[in-house]
Amino acid sequence: MKKGGYLFFLFLMGVLIVTTGTHLRADENTITIGYSGPLSGGGAKFGKNLQMGLQMAVDQVNQMGGLEVAGKKYQVRLISLDDQFQTALTVSNAKRLVHKEGAKMIFNPSSGGIFGLMAINEKEKFIICAYTTNQVCVTSGNKLIFRGPPAMMAYVQAWANRAMDKFGWKKCAMMPDAYDYGKLWSGLFEKYWQKKGGVITTHIPVDFMKLSDYYPLLTKALATNPDCILIGSSSEPNAMQVKQARELGFRGGFIVIERGKLEEMLQFVPDPNMLNGSIGTCPLIFYPNPSAKKFIKKFKEKYGADQVPVHESAIAYANIIYYLAAIKLAGTTTDVYKIMDALKDPRIQKMPLVKENDPYENEKIFPNGAVKGRVLGVEFVNGKFSDPFPVPTPDWVYTEKY
Amino acid sequence: MDKKRKALCLGVLILIILIIPLFIKDEYYLHILVMSGIWIISALSLNLILGYAGQLNLAQGTFFGIGAYATGLLMQKMGLSFWAALPLGCLLTATIGFVTGLPTLRTRGHYFPIATMCLGIAIYYVIARWDDVTGGARGLFGLPRPDPIVIPFLGTISFESTASCYYLVSFLVFITIVVIHRLITSLSGKRLIAIRGNEDLAQALGINTMRDKVICFTISTFFAGLAGGVFASYMGSLMAENAHFVTSFEMLLNVMIGGVGTIIGPIIGAIFLPLLSEELHFLGGWRLVVYGLILILTIRFLPFGIVGGIRTALAKRHDKRGV
Amino acid sequence: MDEYILEVRNLTKYFGGLKAIDNVSFKINRGEIYSIIGPNGAGKTTLFNMITGFIPPTEGEIFFQGQKINGLKPYQIARLGIGRTFQLTTLFMQNTVLENLLIGQKQTREFPVFHSIMSVKRRRVSQSEAVERAHAVAEFIGLGTFKNTMAAILPHGAQKQLSIGLALSGDPDLILLDEPLGGVDMDEIDMIIELIKKIRDEGKTICLIEHKMRVVMNISDRILALSYGKKLVEDLPEVVASNEDVIASYLGDRYAARG
Amino acid sequence: MGILLQTLINGIMLGSVYAMVALGLTLIYGILNVPNFVHGTLYMIGAYIAYFAIVSFGAPYWVGLIVSLIILFAIGILLERIVFRPFYDKPLINSFIVAVGLILVLENTALSLWGPEFRQFAAPSDKVIKVMGVMITAQRIIVIVTAAVLIWLVHLFIKKTRLGSAIEATSQNPDGALLMGINISHMRGITFGIGTALAAVAAVLVGPILLIYPAMGHTVIGMAFVIIIIGGMGSFIGAVLGGYIIGILETLVTSYITNFFTEAIIFGLLVLLLAVRPTGLFGKPH
């Protein structure tokens, strides 16, 4: 072994000793929020968007002097760990966050990770804040889960209704992403579309993690002469798909699953008119309510004027605000069941922390943990956005199994 | 005298392993220990084919995944008990290992690692896309922990707690070490070393290298499957990513950084590296950058891993004393 | 039993368009030292590789002890009783002399993996037999004092001795030695020649590829001369040495060069 | 018919990218005898450098391409010298680990410095041309033509220059170059540089069509290895032909059979191919 070898060996040992020895253990006056999400790899952008929202809520509360719970002031801290969308890492991270860092709540944005956590969270006593539109996580009976985003079914029906009733589309080619989320979404959509008398001309799941040339798939899809295409990845791959479909001569419309954002897609197509005839979620910036405006302002103050917040950040932000409000309401930082009860307590909407900050002015949280929020849709026609239209969210889309 | 000392050391080590859960109450550290046990089994399995037979199998992580999925599916879809599903899952993995080993082991040199890498990718995609059986990209959830063992008059051993899983995994690690140690110290083990050293010469000496490689490959996939099966039951959920070749990389790193071609090396690597990766979390986004640098530097200065480094150091000291 | 230990009939080998071996036939008698000579590229090593199954012949047949062996795998041929060395000294460099010789033992090559893991007694018995034999071979080839030395750090001559020992360790009837004296010092040459003779005296047959003419003429019972894959002559040393074709194609060059 | 033609053109465009990436990989393999797993990551870096040249500094597309080519050529030489050189006499697996480490370092540095956002730069022309019912954008024609020209240039370099023929000789017979009196370590650096630059050009060419993000290298590296195996590792013609074959095959399988099991089919076929021909289609036998 060379001389460098010894030194290096010593260095390695040193790193281990230092890192294992010095840990910022949560002291008595800290509330820890754990976040496990994709911070590297293909999903990193999504993960970072969420993280920005989470961090913003935490910083805001700390700036106000912390959170007062049962007469005692607490500081809040966020610990983020990378899981690259892998369930095993999510579970490992959660164990670390809960048992080592003292977190009572874990925020996670993938249905796989959430299912992994649901297997242990009641036993190991922590709350899951689920960022998913998947219905199963609120209908499975898990008592320690709450879910931020609206139910998938609300979007499915609203988009399908709009596409058929307003645009008169009948033939739809489905090109959702090849992962769990796209599969669930397109499954629900297919059933509903056919029930309404529509035709699914082809179903081509797209793996957006691969080399992203969509010509081969689009060539195949366009050969079936669809009126519209259902697309469902994040904004940029969606935009590529739109652009390439137009290049191949497609004139119909696009139904955009809510993970994609029309305003972001707009940045990535050379001509806005390419997006004509698209249905998707309404950008947060077009939300008319003052609290949304207030959130955008605060977001830009924190992250820079050129940063436009997306729903991921806003929903994550709202979730933390709710969670912290629930702690205050419950008067305990440790009893997870009491915190869960407080979350569902109608009084929480009246608390100043929530009332002043919730960008969505969420209506309530169902006993199963689903947050009922305000959802708006939008269309893109003639090179610009239409006025937002409300997406109907009857209670059953939040509470029933489908 | 030497034997006695060895036995004593071993005894003390086993005692320490047995009483660890009495001192470590922290759920998180116990979890890390269980995971280390699983990584140890998988690292030893890779080390058998890589360190002794000299074949760089980059599909080992995929076999881990096959074992995990096989065990999980046998429990969930066929309703088998863990105690039946685990051996069946390992056998199934070994069977697939045997069938895929036959064509891939025909290749030599750099073609073998890349052939197995392709094999791993192909199988990964089958697992990731075969919705009806494997659950596709969403994975498998709600896999049960091992069924309690009922011992008449004494009570039952349940595996709900992490500590009990720790004992189960430790036991399996022990079995793995014994089997692999017996294999490599036997005359059959000498054949593997011959294949690693020079395959042509081994053939000229009358060794059926193809048969021995296939057998070794099959045994090593069996243990990869064992690690996977335990993983499935312990974690309760599986994703196709568990069969991805990134898992193979991780195993390979454990083996190489610990010390390839030794029994203790992969064990050290499988404890040390996951711990290092965990402890570097404080670096945030730069964590994997530092981790990568540490890998490069380790392999640069300690080409035979931590164990290799310690050995050379000891040999040097020995030499100095001798003079 | 057949008088010939090895018979090669009409052997031909093409590499692409190149004819490396062209219709060569010969027989080796039991117990003799049989040498194959020829300039570089004459096809000597190719011949060895075909006899030991590493390369399939394009045409022709090879018989060992009356049994047809072409088409068999190298390990099968080795087990029938043909040991060989390689032109470049080929050893298990990272292992000791004893370990090298242990690998070559019959017990080693056939011991089942199942018994390695499951049995206690069989394992111990075979192992001690093999170790005992390996010790014996080490003594026989004259490396008794180097038993625990790693092969890579042996002197070149000792490595050659060890490679012969490896070929010998499976107790074969026929041993093919590919340039056993290649690159060996003068004082080590005699040791290896003695070793070859000693092996012959044990009743084994030896087939030899060698460039050192003086040695070949000295120890061989018969010699086969090849040139560009063709058989020039096969006869007693003195006859071969005086053959004009041989002198022209091979010896001539050398002797002429030495002037 | 129109669809088949469209599919074939899609395949050729994909094949052009593959051929360039695989060509770089195979050159490096031929000389350095290491399977360079970092190749995909360098492809990513190449795309980012062009992005910064074009978007941040306002350089024209072709300037961006050349800047990226030159910088990646230099990076290639540096990496060879600093990272890979100590490992030539070590077993394959050591350079393999180093490659994995390097991927982690480069990719996560890119992630930390430049963020996870998807990026893209504009094509020099957005025109869509319609011929015989086939739609093809100008950029795709640029990709196909530039790739063909570059491959031809590399071919000329290898056949006509002294250094090039030394590279060819070395990859066919490692002792060959010594006879020609060429400085091997010098040649290794140059080859690594050229290989890396080829990956960079491929990335810049598809930059306006695909998305640029830190993990983008993963999407090509697996396929590139498939290609150089099919072509026979180290074989120039094998890599180029293999690139086009796999590009077209992948597109055909995707369009006509399944896009769900494309990889399983292609990688599975490859394992079978290796079982029949253990050194690839164009490779020399052991």
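The first chain written gets the first letter, and so on, giving A, B, C and D; residue counts start at 1 in each chain.
The criterion applied here is as follows: contacts are C-beta pairs under 8 Å (C-beta built on N, C-alpha and C of every residue); 3 or more make two chains touch, one makes a residue touch a chain.
Since this is a predicted model, take the numbers as computed values, not measurements.
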Q) Hey, what chains does subunit B share as contacts with subunit C? A) none
Q) Taking every chain's C-alpha mean, which one sits closest to the mean of all protein C-alpha atoms? A) B
Q: Name whichever of A-D and B-D has more C-beta pairs touching across its two chains.
A: B-D
Q: Please compute the C-alpha centroid of subunit B, do the same for subunit D, then give the distance between them in whole Å.
A: 33
Q.
Nearest whole angstrom, what separates the Cα centre of subunit A from the Cα centre of subunit B?
A. 36
Q: Would you kindly tell me how far, in whole Å, the mean C-alpha position of subunit C lies from that of subunit A?
A: 72
Q.
Multi-chain contacts only, two chains or more: what residues does subunit D have there?
A. 107-108, 111, 260, 263
Q. By residue number and range, which residues of subunit B touch two or more other chains?
A. 129, 285, 287-288, 294, 300
(Q) At least two partner chains per residue is the criterion; list those residues in subunit A. (A) 40, 178
Q: Sort out which chains touch which and give me every pair.
A: A-B, A-D, B-C, B-D
Q: Please give the residue numbers of subunit D that touch subunit B in the complex, ascending.
A: 29, 33, 35, 83, 86-87, 90, 92-94, 96-98, 100-105, 107-109, 111-112, 222, 225-226, 229, 233, 260-261, 263-264, 267-268, 270-272, 274-275, 278-280, 286
Q. Can you list the subunit B residues touching subunit C in their complex?
A. 179, 182-183, 186-191, 193-194, 197-198, 200-209, 212, 215, 219
Q: In the complex, go through subunit C and note every residue touching subunit B.
A: 52, 54, 73-75, 78-79, 83-84, 86, 90-95, 99, 102-109, 111-113, 115-117, 123, 126-127, 130, 166-167, 169-170
Q. Which residues of subunit B touch subunit D in the complex?
A. 50, 56, 100, 102-104, 106-111, 113-115, 117-119, 121-123, 125-126, 129, 249, 252-253, 256-257, 260, 285-289, 291-296, 299-300, 303
Q) So in the complex, which bits of subunit A are touching subunit B? A) 1-2, 4-6, 8-9, 12, 15-16, 19-20, 39-40, 80-82, 84-88, 91-92, 95-96, 98-100, 111-112, 115-116, 118-120, 123-124, 178-180, 183
